[in-house]
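A short write-up of the structure that comes next.
Lettered A, B and C in written order, each chain numbered from 1.
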């Protein structure tokens, strides 16, 4: 447990709202798309027009089950409740959500570090519309008036609530990153925080080291990236510690993270009273997935990031048994996060050098993950083989990989096009012999041990090969001839 | 032009289908009568003459082309003004929805048009269907055609009065705690609440979602069965809509009631008006004569229904009516910020009874009270359904009064909400259980006002219910049902 | 025993329900709702321990819709019904508090 300020411990629980990638909304057949013209994906149901009724989207239920099962939850019979409060972005002035009978309960996430964070629940609910604040610089309190677009109203969400078991900003970030990878792996989410399809709120509290009771928590909202999540938690924890050390008291409230000032501020409006008056939604019926449905969904789940990291680690250990696993853990996390592990594991299975495959995966491929995922394992193996055998240099290999990501063909074709071929071992031998023959004095000094002329001889070979020879191989060729 | 306003729906449909009457003639006849007497009775929030004539012409054109015009061909119908009609103002008799034009039709409206019915107007109701007299309508009460100093009942009072006046042979209402059966009894018409889930609620503006059902008004049991056939059946747009339910109700009427077991609910006879108690006993006797076995049954659990209802219905209503906030449609009274705008709009747009129920519902759902009130009421609901079902182990149908008294005078109960609520005592248990029930005119009671007898059946027991209702109707006293003679009725 | 619905409670509930009430309304609702609650209160005394709560008359489960897009409503038709609209959106007075 990290002490964010000496003598104080941090406790964080995260609530993550994940928009599901269904074709339609949760309770109506309007398109679930991002970025449409305002109020064009609306109907009587998602506008909450009088007389309209909700009908549940089966695909949303299946996605929720996938998420729950991927998070090791129990899928249980569940119902919807109405959460009643007035807000203009909510067409019915109640949100249809799951309350004390959620579809998924009691799961966990294992972070790459090995730390496990419990999942309390992952439930279905509907999203709200979007308000734009006009005048006053677009800020809510200074605005002259607001405009509402209901395209997002009724989009299906799964809210994943962690247990308050996260104890550092780093773990909070690692949790969110891992959760995002899992959500993307299930196919339920695109994981895009910047488009708001993944949104995170943090319940933050602090307590003195040695105490067992949790401190009063504040809910921090409006973090739009992994980085701002970490910063917001750090700020909020420090604020609470300062308050408590000054003899003050933390008030349970919702606070808004402001990215530009790097601080949180209270959202409380004096005249508002919130009492959600939950009751079972009478317009919807129980969701009770059969065990065969649950098992079918479980069976169709692809391997999750944790499993894939283990698989990649095992492949590395087999390919490069002398390497210390801790030296490449970060690369494994990166490769799995970007779903490039299929490429890397495939390459290793086809005989590629593990360290090289992982390095190219975690660097050059990771820079352009969408294109890299489209590469064939065969092409990647071919490239890595050319580099290992010395047919091309490391610099050339990276250049060829870039061309491959641009879709310019197989490694062999790219090498031909770039003129990297013709410096294979036989051709190189001929050139090296020619350089020795042309520079007998320098060769003699080299053989006698003058290392300074080595650079000159290498330069001659490079000039002959237009810089495309593998330096290491040239040195080896000279070495072989020297010891003859 | 012939006057078709005293014909039943069954007779009109047969004549229109057979080419003896045109749908336009029938519609014109209805619209003429409405034009003469609507001013006295105020059955409608809007009379849709143009829509009616266009729909009638469409039926006549279908017949001319040799197509099937549907089982309700040319039959004029009144639609309670809480049913959405595309492009036709739908107000729930509330200022908050005044002028709202729905962009869609309720499922029942679509089905009625397919069946060939002709919609003549949107009938008046207690605001948002909350009330038992139509006195809570923001646009003025409807009058009882039997005696215009008396209420027609509610909340579907406009539909009941329109049928009793002969404006239309059939009408649709909605019944959350008796809002079809009570006005039917008060106006001497048949009124029926189907099994919850038999008729789609899509497009019915919600009062209490777990209790609301749409159902028919008519002058005869056969017409009620005919209308139910046209509107019932599964709808994908209502998640609570039942599948594979019975679809035929007119045909089985011919089977009679020999051998059916009828139980008279004694708990409903202790507080009712003596003439009403006599009517129930006479009806029971008539059923015995027609071949049923009749016995008495005590179901004391039903008497807890009223309290449970006045927790559940306001709770659901408080949530259902939140959306009337001045943002997307209907009334807006401006305010300096959105919360004040909401509060001003709702203060100006809702009448006193609607506010009362929103307050009650909000209170019982609020923190600290949920378990004691709402959850307990839901357990009472289970208790009521179980008690009914135990009785149905011994009986096919149950019999009782529809109301404790005949139609009361205007103003008699408007300032005493609890007294008004008590008029729903015998109708509420069916809504809590989700069971069907029907009120059939049987005799005339106090002050010569009609008295209805109620037939109850278990879930999806509509066929037996209608058969027994028909037997009650066959024994009814002459002159106890609509349509009334308007000139005489109005001058009383 | 009488159930008391105090004017303070009436005001609090009116805030939750977004209803602006006059002082007269507060006073009359306090009296009328107390009478109704007094009647309703009888059910609290019923011993229904072990009786399940019914929220639907029938135990329907798994009523779903296929994930297929269907046309919605015309934006202009809906916005024409709005008390205020601007730039294809619904216009509302300024919002003082953020969503909870």
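In the analysis below, contacts are C-beta pairs under 8 Å (C-beta built on N, C-alpha and C of every residue); 3 or more make two chains touch, one makes a residue touch a chain.
These numbers were taken from a predicted model, which means no experiment stands behind them.
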Task: Centre-most chain, if every chain is reduced to its averaged C-alpha atoms - done: C
Task: Chain whose Cα centroid lies at the greatest distance from that of chain A - done: B
Task: Pair with more cross-chain C-beta pairs in contact, given A-B and B-C - done: B-C
Task: Euclidean distance of C-alpha centroids - chain A vs chain C, Å - done: 40
Open item on the list: So the centre of each chain is just the mean of its C-alpha atoms; given that, what is the distance between chain A and chain B in Å?
Closed with: 57
- [ ] Could you please state the distance in Å, as a whole number, between where the Cα atoms of chain B are centred and where those of chain C are centred?
- [x] 24
TODO: For chain B, jot down the residues that touch at least 2 other chains.
DONE: 100, 103-104, 210, 236, 239-240, 318, 322, 325, 327-329, 338-339, 342, 362, 366
TODO: At least two other chains touched by the same residue of chain C: list those residues.
DONE: 16, 18, 55-56, 60, 63, 65, 73, 78, 90, 92-97
Open item on the list: For chain A, give me the residues that contact two or more of the other chains.
Closed with: 44, 47, 55-56, 86, 88, 146, 148, 271-272, 275, 277, 282, 284-285
Task: Residues of chain B defined as touching chain A within the complex - done: 82-84, 90, 92, 97, 100, 102-104, 106, 201-206, 208-210, 236-240, 315-316, 318-319, 322-323, 325, 327-329, 338-339, 342, 362, 365-367, 370, 374
Task: chain B residues touching chain C - in the complex, by the definition given at the top - done: 100-101, 103-104, 195-197, 210, 236, 239-240, 242, 304, 306-308, 310-311, 318, 322, 325-332, 334-344, 346-347, 350, 352, 355-356, 358-360, 362-363, 366, 372-373, 375-383, 385, 417-418, 421, 433-435, 459
Open item on the list: Show me the residue ranges of chain A that touch chain B in the complex, using the header's touch definition.
Closed with: 44, 47-56, 82, 84, 86, 88, 91-94, 146, 148, 271-272, 275, 277-279, 282-285
- [ ] Name, in rising order, each residue of chain A that touches chain C in their complex.
- [x] 22-24, 28-31, 37-44, 46-47, 55-61, 77, 79, 85-90, 128, 131-133, 140-141, 143-150, 254, 256, 267-269, 271-275, 277, 280, 282, 284-289
Task: chain A-touching residues of chain C, taken from the complex the two chains share - done: 12, 15-16, 18, 55-56, 59-70, 72-73, 75, 78-79, 86-100
